[in-house]
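Look for chain A in each of the two complexes below; its partner is chain B in the first and chain C in the second.
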Partner chain A sequence: MTTDLQERLPERTAVPTRSRRGRAAPPWWFTVPALLLFTFVVLVPSARGVYYAFTDWDGLDPDFAVIGLDNFTAIADDPDALQAIWHTLLIAVAITVIQNGIGLLLALGVNTMIKSRNFLRALLFAPAVITPIVTAYLWRNLLGPDGAVNSLLSAIGLDSWRQNWLGDPDLALWMIVLVVVWQFAGYSMVIFLAGLQSIPKEIYEAAAIDGSGPVRRFWSVVRPLLAPALTINLMLSIIGGIKLFDQVYALTGGGPGHATDTISTLIYKDAFTLGEFGYSIALAVVLTAIVAVASAGQYAVLNRNERAAS
Partner chain B sequence: MNRYTRRTLALEMLMIAVAIVFAFPVYVLVNLAIRAPSDTSSPISPTTAPTLANFTQAWQEGGLGGALINSVIVTAVSVLIVLAVSSLAAYPLARSTAHWSRGTFLLIMLGLILPFQLAALPLYQTIRDLGLLGSVWSLVLFYAGLQVPFTTFLYVGFLRALPRDFEEAATIDGCGPLTAFRYVVLPMLKPITVTALVLNTVSVWNDFFTPLLYLSGSDQQTMPVAVAGFVGQFVSDWNLIFAALLISIVPVLAVYLALQRSIINGFAGGLKG
Partner chain C sequence: MRTRRSAAVAAAMTAATLLAACSSGTGSGSGAGGDNQTLTIASVDQGSVEKVVDAFKAANPGVTVNLTTSGADQYQQQIRTQLSSGTAPDVMTVWPGNGNPGATYVIAKPGYLLDLSDQPWAGQLPESFKKVAQYEGKTYNALFGLNGIGAVYNDEAMTKAGLTAPGTWTDLLTFCKDAAGKGTPAFALGIQDNWVTQIALYALVATTVYGTDSDFDTKMAAGQATFAGSPWTTAMAKYQEMNSAGCFQKDPLGTSYEASQTLAATGKTLGIIQGNWIIGLLKQKNPSGTFTMKALPATDDPASFVMPAAAGAGYGINAKAKNKELALKFVTFVMSPAGMKIFNEAQGSLPTLPDAGTTVDPGLADLTTFVKDNRTVPFMDQLWPNAKVQQTMLSGLQEIFSNQATADEVLTDMDTDYKAGS
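And now, the complex of A and B:
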């Protein structure tokens, strides 16, 4: 209320711009370079993308027709597309749960008096800085028929467990999840660790003196205070999982068959090997909607939890 | 409570065992990269006659040197631009309570949700019409815009928690807004600048999809694209491929080992932002 009133006061038009209590506000034109870049690279192309989703544009021909919802009804009738949407959701949820579960356990393990804690922290985080496409090619070999994973199984007497891990339609999707979790569990760990270290020691010690065991201490004391770290971690892994492309492209290329196709790999194939830009962009709009719903839902739930915890 | 007990020792053993499992793929990577293609023993048994021949061959045939230079140029220039424009934009966005400021901030934050797949195809067309396909400058332009929302988000969050006293004192002393920003605000932004630098560098350096689109069919490559091309060319010559993979991650790991503490803190720093 007051800010609204004060903003209408005539002194606001004085030069240089002054806001409340005579403070000089930095000028608006500071935002111009960032806005120009953002508009050119993100805003305008995204808006055009949404428009193209309602056309039959092939990416080259300047003559194209607006065809309404046809691309979207085509998606709804396309079993490959529906399967890709399902895979996208499954991968995102599986990565989110497993990566954060392991990340939290690692963080709890490293946040102790063990002597190797700094070394372990650095080592476990290291995969997160490696190029995802590189880790995916590495794992493509490890998971191959004569790869190191099968060799390891033989070496420990589990010959019967040997598989063509990426060639089996039932397993391939989980192998993608495994590779992403291997690479980014250390990332989740680091964020949880920052959350753990922001909890004052006194709180923890007070709970110990009160006689609560480690599990109880974790659940009643540590867990609520980890809420901000959990928010960031869930956000990063779910959105990263929905948009996942590089790992699928390099590990399976969406195969065998369409067993591991996600929305992102279909967008790429439809646009650049089939030339169906309109259809491809309609898929990108579906992807955008999923990301938006996931972010909004997560924001609402976690916001409530954080408020309940404080 | 803080003593090293038997239970701590057991935990230490367990954690080291977990770390060995995590490190196993990297062991195989090195093990196969230093092995002659004629050696067909199990990928997990240590290589008996190590050779560097794969590395020299991969370097010569993969065009990795040119790709490395391109990656360095693209990453350095685009990250520098995005840090400059985002910190500058964040200053009024964090300080002003006017309607235009809140509206602009929300508009930029919209970029956090929009997946790049949506913009990628129309932008591909624009870049083609500008004649920039196959040029590394198309990538610089792309990343400079793409990373604005996230970087601005980090800076605005940090600035809102900073006191205004110093910049106000500077203004009273007669500093113009740009001078106040350059000499008073920017130095105080150093911690969040390190975070933004680390996160942007890693995501730009590692990006594969964008250079795959904008550089395909040209002789210009970035490191991830060169590696993918290399795998396509030497399909099952895994000793050679592993040498190329290792060459591509050595610069990243070297920087990581040297700046490990600030990099890890940088990643964790998004938490406070």
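And now, the complex of A and C:
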């Protein structure tokens, strides 16, 4: 249908491009100061950092050797590192799906005309303004063996539901997801809400007059028009999930054992506890590559959908 | 359109690089003044070093001291950055022996520490401390305090439960059952913080391994012994036996170090297996409480008991100190009876040199006797060749407690890391 429209209205789709071309382009050297700044503040230091991924530097001794790809092959042979990469991807996907699912439902809820909507919006967003490390320590206490969560379960007669929430390797990872989702679902909600409010009322009304129910209206009107908000939300939550550190470190420290180690906590431990800077920078390079591939891939897919929908 | 997409990809890549790059912080540079009356010190002894610095300033009028204190994790990260970039302070905390990123061997090896062998106290240090204050025969670390590990009992809770401290391994298991039966488990265990996992194990290893073989470290270093198949296996089994006998409160893996202190201080458990530093922390939570440290029984022969006791972190001098003379003066003060007494009393540690005149907490009488009778062994990790052995042990113990690994697997992994060398 889109292509049909484009064929029928060639002059309309061409207009913005033409006007852009028609404007006098600023001289290329206008970008030089910004490029220089970017090169010397970002690119050069990052490249110099990456260089150490190919050395056995211990963070202290000025005599170190260049060891080629040894650090990277060591990552491939290190069960702790592979497990951490798996945990990282699992956490990122879980957070992305659950946080955005809940965020969207909350946004739809507070986008209605209910009386307390402004209060609810503020309340639901409130956790997002707290520093993650603080919420993590709060939850660490709430989820302790005699913490509020277990006490609450006992109080309502659910003694058998009491768990060692953070000390059980099968549960700990999901508790981290829970804490992150609890804190940032409101953040996703706000972005979805902005998207929802930019949808003109007339379209809803027209759809309603045409006889479509709420589900149909959501699927055919809201969903496509919400695509830009979804793109931003997914991008933010997947990047945030992949590089998650504070919450993991404060809640479990990567434990019990290595049960909740992510790439970020492993980078920290390898560098600052074990003094294996070369290895840990190699891990950071792997993390960077994962973030780049995930976000670029996601952007490409969602951007296509967005354009198809608009 | 293609350019736009590749621009988006480039933007995403850049953002990603930035995200990973922004984690690398810079150490706070310490700008020492050009005059020779300013001394810079970096320390982890929060709460005690301040008192020593005040006394040092009072004894040396006109001297300015720039003191920064931080937690061990943060400190180890910062000091490495400062040393390698030439911005390290004149005097700094250095851990004894090897096995952590701020330890004597690690920092002395690349030549960052000043040789203190000609200082009068260097010759007076007892032999067991010389081993960990020296690197290749030269003294680099002014060790002022001694810490021990044992079972620390809450006297009031013990009286209430009508129980007495166990004297043998068999007694210990009965004690645990009786204590659990009264609803107050014997010991608080907070191994959510993974460093805590090693403490009870060290208390058991001291007797089971070193009680019968005081040369175990030498044999390990020579490759004649391994963790797996040695009495370390016995100690591991006893640790697990204590757990299944109900010696610890429920869910130790979900309990933090902080929470375990509260349990022991308030009498929800009868005690805690910890270092002597815990007594000060327990008294903060329960100012009226009294606490007594005893050796943790690991066999049925009390004569064979050995307690882990080792030098705590001491001070080293930067080889490139801006003010060497004043730095030496400070370290001499730390090792003098006056300085050592202040440090020991603020930290609850024992002095490393005789005649410091330190008033020792009465609850530490047992530890003092063991030290005097030479029935102690340094913390096991202090002579391990790298930091990884200890980290493998710490996460391995958490895995044992959560049934993710067996004791034999963990000991074998520790052997692998040990053999990897420095």
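As a working rule, the second predicted complex is superposed on the first by the 268 of 310 C-alpha atoms of A that agree within 3 Å, B and C clash if a C-alpha of one lies under 4 Å from a C-alpha of the other, contacts with A are read in each partner's own complex, and residues count from 1 in each chain.
Just so it is clear, a contact is a pair of C-beta atoms (placed from the backbone, for glycine too) under 8 Å apart; a residue touches a chain by one contact, two chains touch by 3 or more.
A quick note: this is a predicted structure, and the numbers were derived from the prediction, not measured.
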First (chain B), second (chain C), both or neither touched by A:T131: first
First, second, both or neither for A:A208, with chain B first and chain C second: first
Partner chain in contact with A:N164 - chain B first, chain C second, else both or neither: second
Contacts of A:K269 with chain B and chain C, given as first, second, both or neither: second
Partner chain(s) touched by A:L193 [first = chain B, second = chain C, both, neither]: first
First (chain B), second (chain C), both or neither touched by A:T31: first
Partner chain in contact with A:A155 - chain B first, chain C second, else both or neither: first
Comparing the two partners chain B and chain C, which touches a greater set of residues in chain A: B
Which of chain B and chain C A:T252 touches, first, second, both or neither: second
First (chain B), second (chain C), both or neither touched by A:G49: both
Intersection of chain A interface sets (partners chain B, chain C): 42, 45-46, 49, 59, 243, 267, 271-272, 284-285, 287-288, 291-292, 295
Residue ranges of chain A touching chain C (in the complex, touch as defined): 42, 45-46, 49, 59-63, 140, 143-145, 164-169, 239, 243, 252-259, 267, 269, 271-275, 284-285, 287-288, 291-292, 295-296, 299-300, 303
Complex interface listing, chain A residues touching chain B: 3, 7, 16, 19-20, 23-28, 30-31, 33-35, 37-46, 48-50, 52, 59, 106, 109-110, 112-116, 120-135, 137-139, 141-142, 146-148, 151-152, 155, 182, 186-187, 190-191, 193-195, 205, 208, 228-229, 232, 242-243, 245-246, 249-250, 263-264, 267-268, 271-272, 277, 280-281, 284-285, 287-288, 291-292, 295
Footprint of chain A on chain B - complex, ascending: 1-4, 8, 11-12, 14-16, 18-19, 22-25, 28-29, 32, 42-44, 81-82, 84-86, 88-89, 91-93, 95-101, 104, 107-108, 110-126, 141-142, 144-146, 148-149, 152, 164, 168, 171, 177, 180-181, 202, 205-206, 208-209, 213, 223-224, 227-228, 231, 238, 241-242, 245, 248-249, 252-253, 256-257, 260, 263-264, 267-271
List of chain C residues in touch with chain A within their complex: 5, 8-9, 12-21, 23-24, 73, 76-77, 80-81, 83-84, 100-101, 106-107, 109-110, 112, 192-194, 249-256, 259, 386-388, 391, 395-396, 398-399, 401-402, 404-405
